[in-house]
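Shared between the two complexes below is chain A, which pairs with chain B and chain C, respectively.
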Partner chain A sequence: MGGKGARLYWRVQWRRNDGLGALFLVLVLFAILYAILFPGIFAIGAASKFVQGWFPTAMVAAAQTIVMLTGGIDLSVGPMVSLGSVVAASTMEGPLGIFGGVLAMLALGGGVGAIVGAFVAIGRYPAIIVTLALSFVLRGVALLIMPRPGGFVPRSLSDFLAGVHPTAAVLLVLLVIVWKLYQATPLGVGLIAVGDNAEGAYRSGVNVTTARMCAYIASGILQGFTGLYMAAKTGSGDPLIGEPMTLAAISAAVLGGVGFLGGQGTMRGALAGSLLMSIMISVMFFLHLPLVAQYIMQGLIIVVTVALPLIRASMRRGT
Partner chain B sequence: MTAVLQRFVIAYSRSLVAYGIVAVLWIVASLLITGFGVYPHLRYIVELAAVIGLVGVGQTIAVIGGGIDLSVSAVITVTALVLPMVSFESDSSGLGAIALSLLVAAAIGAVNGLGIGYLGLPPLIMTLAMATILQGLLVLIAGGSAISVSNATLESLGSTHVLTISASILLWLVVAAICLFWLHGTRSGALIFAIGTNPMVSKLSGVPIRRLTLATYIISGLCAGLAGLLLLSMNGQGYVGIGDPYLLSSIAAVVLGGTSILGGRGSYLGTIAGAVLLVTMTALITVINASEGWRSLILGCLILGMLPLSGRDQSR
Partner chain C sequence: MGVQRAVLGAQNVSKAFFGNPVLRDVSIEIVVGRIHALLGENGAGKSTLINLLSGTLTPDSGEIRLDGQPIAALTPREAHRHGVAVVQQELSLAPHLSIAENIGLGSYNRRGGLIDYGRLAASVEEIGQKLGLVESPDTPVDQLPLGRRQIVEIAKALFIKPRFLILDEPTSSLAAPDVATLTKLIRSLRDDGVAILYISHRLNEIVDFCDYVTVLKDGAVTADRPLAGLDPEGLVRLMVGRDPQNLFPPHVSHASGDLVLQTRRFRTAAAHDIDFELHRGEILGIGGLVGHGQEDFMMGLYGAVPANADQFRVSTHGREARTAPFAKVADANAVGVAYVPADRGKEGLLLPHSIDFNLLLPLFARRSAEPRRWAEEQAITERMARRLNIKGDRRRPARALSGGNQQKVAVSKWLPLEPSVLLLNDPTRGVDVETKREIYVALQEMAVEGKAVVLLSSDTPELVHLCDRVMVFHKGRVAATLPHGEGTEEAIVAAAMGVRKAPQGEAA
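== the complex of A and B ==
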């Protein structure tokens, strides 16, 4: 990249932070509060543990963001994570082994993503109702495979993913790098273009169907992997473990400024949103607040971070 | 006359499809399953559908207006818990408590409407945040215990029959008639369609978007409150989570009934069929004695299978 191109790139990237100021400010405030309440966070072990707590939310937030950027929405995130955890916990002790189990997981996630993609991208059905129906299907399959929590995940995998090593942090960095690389490909550019203006993207030569399809497959793989991670973290599979994650994923993405109409928002925003939610829960724990108070905080923070820029904008217009 | 009929069929073809499916399902199931087609059982199905149908009133209006209300399940739970709490001695008929809890439901809807209409928050975000906040408040206030209710009016709502039609079904019919008249027979109802079709053009044409949005979400809160009362009269007690299944089923009923999730198109007529369709499918799955996993799987597949019939999103 030449000098001028690089400058332009960074300027564009900087402008994409617009509207995220409030979120970053709240995030920093909570991070400071957290560091005061729990100074031990700066040790590598404690930091790894913290990232491990954040990791699943970050992953599903990323998965949701990819879909929302195309103008869709995924209401089956939670059941997909549950299904992933159940499948992971029931395949790894078989002949497939850890490697085969991980591959099976990723194939499952991609496969389910492809099914959603087929309905939404090729069939042109509204994503909200397709994924709503699919959430019933996935929940049913997870319950059929494993009616109650059980199964088994090899100790070595649990240690690797959720032990004392900062594996989760490395995986998050990898996620961001892969996302940046994907954004540099025509398909990655098409992803946001399709969400912003599908007709315009089509006329400009973007393969709308492929761009959407790839988004749903990528999202499904991330969700499947989150299921695997949850299984590794808890050491077993649970057909209902993902239930709260549908809402958490949407909340994190929305907190991070990802719009419902598509083409609007950034991955960094969504990750920051998920981090804020994660820190918030920890802070409330240290403040001895009842855990349910986190819901109230989460709702209020969503409204405030989204409403503040809107109020400011309308005041500037003088209406 | 045929022209009017033709116009009606074209305008409501999607809604009519849902009625057709319900009719086919009922006929086939009545022939195959003994005891399905008898009047009390079919009436029971419609009674259950009334709860979804009442939530669906507000949901349909919100969706037609280009929005969505994700806080309906929380509002149902709020009314089901607030009513037993505000019951007082001197209020022997229980009407005072009912009015109070409906007022709370409408107030929640008003907050949604203010946030969406006046602050400009996206409906999904505002109602999702409202649902999250209410969920936290409810657990804090009510905890995990169920609260029993003794309310004379509610009890009679659950047990009275007029000409063998249950009072709950009559309540649904009345609300449905008002909703249909408002949406299709009045100026402000027509403007809801206009806002859903193109908010910018509506605004420039002088449509009072803010006031109508406020009204939409107040209606949605009120209808969810009514559904909560009906649910309470059937259950006898309220608990945290009582309303949870009704969020997804209200959206499913709206979409199965042929209302476009993108706004601007549809009718409550279809939602009625969608609600009955959902309950019928659940009843059929229960009849074949499936486990919870199979029930969920079959219901999901059925909704997916109905998608081609309920119309698709034409825009690229």
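== the complex of A and C ==
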């Protein structure tokens, strides 16, 4: 890429930080608080463990963001993660082996994403209805395969993904790089354009159906992989392990400035949002806050962080 | 030169929506090297015809032809590939994407699968220079005012290096210097061999630089001829079949001596030190180029943006009602000040709700805690519909109305409240001639009834022919206040451009 072009790309990307200042500030404050409360975080092992705790939320937040950017929403994130964990824990032992099992997982996620995409992008059904319905189906299938936690994930895979190595951190960096590349393709820009102004994007010659379809497939792959990761982390499958993740994914995305109407928001914002949620939970845990108080704090922090830019904007108008 | 002339055409196309025929047996040919005007009132089928030519819609019968070849199932993508670009009235921009990304959207050059940002940057710079697009290409489009977005939209059409360029009212939200730039550009495109289809309600523009005209009326072609020998009056006759003399009702001032609204050094963020007087029965025009504070001034009067003043007096129904600028819109409404926004789709109307409901909305605001009085409401809406000539079932959603009729609803909904001051923000923007005339008559009737009307308009003839006085804004201040007669088009435009300071200049 020529110098001029690269400069344009990065300047465009930089401008997308507008409005994320408050979030980044809150994030830094919490990170400092965390480091003070728990100085051991700077050891490689502890840092790896921390990233492993954050990783699933980051993944589902990313999955949710991709869909929300197109103007959709995915209410089946949690059950999809559960199904992924169950399928992972029941296939790895078989003839597929680890490699085959991983591929099968990604295919499963992509396949489910393609089904949602077909309904939403081609059939024009509202995403909220399709994924709500799908969440029940997926939950049922997961419970059918594995009525209670069980199964088995090879020790080597667990060690690789959730052991002492910073694998999760590397995977997150990979995710960011792939996303940056995607945002430099016509399809990636089309994804935002479709969420922003679907009619306009269509008239501009963007293939609206393809852009939406790709978004749902990519989102499904991320969700499937999160399921696999959860299984590796716990060493077994659990048909309900993903349940809290649907809302966690939406909260993190909203916290990160991703809008419900589509087109608005950034992946960096969603990842920062998920990181903030992870740190918050850890900090409150260290402070020995009761669980109830933790929930209330989480809710308040989301409201405040989302409201801050709005309050600032209205103050600016007032002067 | 032996090369086949490039032609985009529609051959006997018809199109109906929900059984309503919108286009009937229409043929048109857009030919290289000529600027082709498409004229017609709102609802005449212009937009539908454009959508057929650009592949957004497919005709029920008839065919779209490119260079003589019929094309089945044209899509926008396909149309782009054939070099058909459209600048729509409703912008096709993605507000959260940058200017550069929007300009290339749908037609990016690729390099190794990625967008070729180098070429994109170069093209954006080149096109930007032609159009006077000075904003940095990384600016998100939602940070631009409407007029600048329109420029981006035009830049986007030029990006595909079109052979056929369709412009649907490209100047309706542009400031005068941009209009001049665009006009020049369109001419040079024509000379470079681009075929241009140009839609505008500004007849002077059309007479100025179009070569050929097709007129649509009620979905059928009523004229298809070279433009030579036609003046704006002639065009209006073709469109409405009526003499344009009575487009503006004869000017009779109904202004009385009673002050309704008076300000000294009225200030908002964009308007500075405005001294302002408004009388009962007066129609006061506000002119100026887009973005010179006049809109902010009006919003400030209405209490929609923060405002300050050394003196602010509102007297309605014969008594002093207010001595400070309105802090909020409800305060303004309470003493009979009403506002009709320019963007009727977004601010003026609730499009999914019925026409009746929209007409009654200001009334509901006043009677919030009372039970509905269906019979009375029916009578009111019935009367308003008759007065403004809104035909058909009023239980239809407001969306079903044409743009002009929507505007009539947006204006008339305030009438049952008997407002004493009516603030109108460009009520005839993008409205067809016939509806314009109806709105003018309605404004005059209001003046006769003793209401004071403030008419902010981007259409200079309106200010000339309709208003008792015209205030012209320049850089946030009143550059001139011209009484009827002195407020000629030249005087208003000159003041708006900051050419002359004094209200009365010697004839140039």
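The working rule: the second predicted complex is superposed on the first by the 309 of 319 C-alpha atoms of A that agree within 3 Å, B and C clash if a C-alpha of one lies under 4 Å from a C-alpha of the other, contacts with A are read in each partner's own complex, and residues count from 1 in each chain.
Here is the rule we go by: a contact is a pair of C-beta atoms (placed from the backbone, for glycine too) under 8 Å apart; a residue touches a chain by one contact, two chains touch by 3 or more.
Remember, it's a predicted structure, so these values are computed and weren't measured experimentally.
In the superposition on chain A, A:181 makes contact with chain C only, while chain B stays out of contact range.
Looking at the superposition, the partner that touches the larger set of chain A residues, chain B or chain C, turns out to be B.
With both structures placed on the common chain, the touch criterion links A:193 to chain C but leaves chain B unconnected. By the touch criterion defined above, A:208 lies against chain B but remains apart from chain C after alignment on the C-alpha atoms of chain A.
In the overlay built on the shared chain, the residue A:263 is in contact with chain C alone; chain B does not reach it.
Once the two complexes are laid over each other on the shared chain, residue contacts for A:247 go to chain B alone; chain C is not touched. Using the contact criterion defined above for the overlaid structures, shared-chain residue A:8 touches chain C, although it does not reach chain B. Using the contact criterion defined above for the overlaid structures, shared-chain residue A:130 touches chain B, although it does not reach chain C. Using the contact criterion defined above for the overlaid structures, shared-chain residue A:298 touches chain B, although it does not reach chain C. Applying the stated contact rule after C-alpha superposition, one finds that A:148 touches neither chain B nor chain C. Residues 199, 202 of chain A lie in contact with chain B in one complex and with chain C in the other.
Taken in their complex, chain A has these residues touching chain C: 1-9, 11-12, 14-16, 18, 181, 184-186, 189-190, 192-193, 196-197, 199-207, 263-264, 317-318.
Contact residues on chain C toward chain A in their complex (touch as defined above): 54, 56, 76-77, 79-80, 86, 88, 90-98, 100-102, 105-108, 110-111, 113-122, 136-140, 156, 306.
Listed in rising order, the residues of chain A touching chain B in the complex are 75, 119, 123-126, 128-130, 132-144, 147, 198-199, 202, 208, 247, 250-251, 254, 259-260, 290, 292-300, 302-303, 306-307, 310-311, 314. For chain B in complex with chain A, the residues that touch the partner chain are 115, 119-122, 124-126, 128-133, 135-137, 139-140, 248, 251-252, 255, 261-262, 291-301, 303-304, 307-308, 312-316.
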